[in-house]
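Next come the structures, one after another.
Both complexes shown next keep chain A, but they swap its partner, so chain B is in the first and chain C is in the second.
What follows is the complex of A and B.
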């Protein structure tokens, strides 16, 4: 079992690996102190896959997405670590060089379709703008291509809609326009930050189907950020579960849903009521709230809320431990010594 | 269970929008709240579910139709009967950040209803506030703090304590958990469930979260564009949905289960919900219905009783 318990670093052959984030840290300096929003995370994305980052508000998932494109304001933000995209470290690139990657190599879809579009510009022109930035196409060709992209994302009557302003579009249609803009240059990576959170469930189903079909037709790699485990189950090949600025568990989608290894993942999965299950006696809930990232705890970030916490969890942060093939959880429970003598801390004792 | 506390009959709430037309937020619904039950009210944004809640507790005056409290038309209530109704039907709001006055201490927020209804004063009032805070899982030391010092889940607990302060029998919970994180949602819903048992409360639980509604409700009503399209005991609605909209809605919710999710047949609805401003006559769901026929366009179907408390408004059922 010792081999199983050796700490792992994210490795993947450079052939398949599109993006490798290593030891990323993001701090924000504020008047109240320094917020440690992302605390030493490493993960990778293989070509063609869809990876989901799951977590609750404030766990650092959006900051991670924004840091990949270096869209966090610096200062007050401060980034360290490396973000290898096709072998190039994005962290060391200049703003000029980043601008050639944003939109062309990496597309991004934001959460709020109501505020992400320019209200004073017709939507066709907003799509054209991306093409003007990154391609040598003539005005006429740009227009033709922009129309093609709008049809690709299923905007009905694209010619007529082309000259209309965002206010004439519904939430779902605006999200389609944002997706059109994000894929206009056929980027190899699409980052979608809560793309359906602001939408109704029937519209969400339409947009998710669109992303699935675009992935099939364009072969785009997708990094999906969401808090909705249903969306994850539908879309993702692999999952990274975030908690308090760290990755607590990664693995294949199916493995994590079937066999969650981290107590946080387990608790999260059992606290959502399902539409396909009859009423259980009591919904499992996670007591307490996530830790304050101004002064993150010394040991495991989930310690104070964990029902399986041990003494070691309070003082030492758990290393990523392999639990099964491809499934890694940062939890002392999976250490060989813990399996030998699992002794839980008595209720309330040594908790913060 | 046959004790009807609150009832809506042909309830309509229209808003006049100058220059735009009439927004028919609620366009003729019938609804009964039985004592001790939880009625789930689901639907997408703009379907009028919040307006129903607000009209039922008297925050809006109905355009047409009546709201009956214990059998009496609330529009005709005066004096102490009116005060009794206003006190008995309370509301919990969606946004725990916007629904608490930032300049009042939590203690004063909770006691506001007590003061308005002159339920108690002085020492007794303080005791009552502390008791209410304890009831929703907050501590004595929280009473002197301000809303901004609390997390979302704690603020929602303050909102619940405020609603409970006047000893109501009906709580209209308008999306009480949608602003909260998953792990906190379960805490608040469990609190609501235990309070219901202890205090004999009746809930109207308005939500777009179909999983949570299944968990907490005894009966569920599905709204679309100002009307109730289906209405049934929870298990019936989720296992044998009959209205095409209910079916599409349930099939659109992604399940947290990759195996089931991958080979699931989905009813994808085309297009968006039409505008509730001067909606066309006929079935409200006509424009998106996969089963629509010509006569759906002409008359709007009313709820048909299929027995067992199952009602559906569709001509082909």
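What follows is the complex of A and C.
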């Protein structure tokens, strides 16, 4: 990876950068008020890399992923900012134009394989129809290619399974079918939104294994959403840590695991259970709850839960600050003034 | 599968038997008897009663009737001379079936289309129009729609014949009148169902595949949205069937409904019982067909009678 310096809004050289999200905002207008689900985030993906998005439930991970394909319901949703994919701004594209990107240029795998397949259509047909939409193949060729793809994702007895309906498949097998559909047209970007969360632990490992091997064989760029930091450590090149609809820290996986700069990232990492991880215990050890996205706080969103909060954190949102090469954290602690003072003021003295 | 069908068959037999038995008792509880409307001398009357076996104790009559029924013999009408009930059915059922099938086809087509239109145009005027039609259709009883259509399009405007059943032009008003309720019901169910399916994960998957809106609606949404419609086809058949009683009377269509109504008015015991048994068997058969249809449309349902 080339060095991505200074703030989160760095521009990568165009041939390296596959996807660049700039100042993305997503609001949902509801009866209860406006939910600010994604609040001005920017990040980019380089060709061939795997970037992980991590963060607590409700922090806007799925909304971000869905926004890239413009799949959020609009209304009530409203998007602004820009999403440059291969240099084209997806935000300004029409539905028709988006349909040439969806499935063909960008594939997506969803969290819940049990409900993500059409129960009244044989799985073979569900794979085939994406080929029908995006390729000029004949019916026979389509079938052959769909079978090949099903074999590629390790569906045993693909030929026999071809005409079966989703209810005859286990969760893990369904997820394989969904992955098959997502990669059927060899997209340059694969978005996987918590692809293993709904599966048994043993199956989870197999599915991740599959994603890793596909990524190797197809050279696909992967945007992986998860709240399993173990998965991140295994698969990702870079991480974006989400908190309350914002990115609080990004950087190379190694750097962030070794040296997390944002207090939230630190808390996340220290809350990884040592031996066997069950989902419930994973993020439980950060005290307090994320802020209300109806009226996000003025200053740092993590203020209420931060053990290192200072007075400035309550009123001014922290700017993205450069740490190591490519590692950027939005936290006042890393402001030059705070860093200078920290050496003299005992920790916590700034808190009221 | 075979066991399921066998079980269904036995239950059906039991249902028909119960139905016939209850109606057998109920018609006898009605005041009067089949011969009271005619001015007969006591002697002739006794003669007639003996002829039809009404002089015997009720339970003997009952056993005899069930015995005949099991042999497929529905007896003779008490009102029309020399008219077997089976012949009444054979003569009149084609009219009712004709009307019923026209209604089911027309009402399903219009009802489902309205529901789809409403479901796809959420919050737009088109949706409200569909809702208004649905509300009107559900709240207007058959005899009102029947009479109104007859009055305006038959009598006032003269576009269609006022009554009888002698060709396509004659079928229009009765079919329309009988369809109203079903259209309303189906469009309402279909609309809710469409909205429900729109929010399903697999529709999002289909959109993520880049399929065109038309393809998503046609290939993914409709088939799933239509499932709840299929489940109400049974009750709808029943509703249309009772609707024919009214509509056939209003439009003087020589269908079974008309004979049923007449049979009750005349206390024609054998006709009432015979037609009841026929209606019962017909409805049960219709429900069975619907079950099988459901199994075909929804692959998750094997014919065990429940979802797995």
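Operating definition for what follows: the second predicted complex is superposed on the first by the 325 of 352 C-alpha atoms of A that agree within 3 Å, B and C clash if a C-alpha of one lies under 4 Å from a C-alpha of the other, contacts with A are read in each partner's own complex, and residues count from 1 in each chain.
The working rule: a residue touches a chain if its C-beta (ideal position, glycine included) is under 8 Å from a C-beta of that chain, and two chains touch if they have at least 3 such contacts.
The shown structure was predicted, so the numbers you read here are calculated from the model rather than taken from an experiment.
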| item | value |
| --- | --- |
| Simultaneous placement of chain C and chain B on chain A, clash or fit | fit |
| Superposed model, chain A: greater residue contact from chain B or chain C | B |
| Partner chain in contact with A:253 - chain B first, chain C second, else both or neither | first |
| Partner chain in contact with A:269 - chain B first, chain C second, else both or neither | first |
| Vertex chain A angle, Cα centres of chain C and chain B, expressed to the nearest 10 degrees | 70 |
| First, second, both or neither for A:200, with chain B first and chain C second | first |
| Chain B versus chain C as contact partner of A:99, first or second or both or neither | second |
| Which superposed partner A:289 touches (first chain B, second chain C, both, neither) | first |
| Chain B versus chain C as contact partner of A:233, first or second or both or neither | first |
| Shortest CA-CA distance in Å separating chain B from chain C in the superposed model | 8 |
| Residues of chain A that lie at the interface with chain B and also at the interface with chain C | none |
| Chain A to chain C touching residues, read off their complex | 69, 71, 95, 98-104, 107-108, 110, 112, 115-121, 129-130, 133-134, 165, 167, 178, 181-182 |
| Touching residues on chain B, where the partner in the complex is chain A | 44-45, 151, 153, 181-187, 189-190, 193, 208, 210-212, 214-216, 234-235, 238, 248-262, 266, 268-269, 272-273 |
| Residue numbers on chain C that touch chain A, as the complex places them | 200-202, 204-213, 215, 219-220, 223-224, 227, 297-300, 308 |
| Chain B partner contacts - residues on chain A that touch it in the complex | 56-57, 170, 172-173, 200-206, 208-209, 227-234, 236, 253-254, 257, 267-269, 271-280, 282-287, 289 |
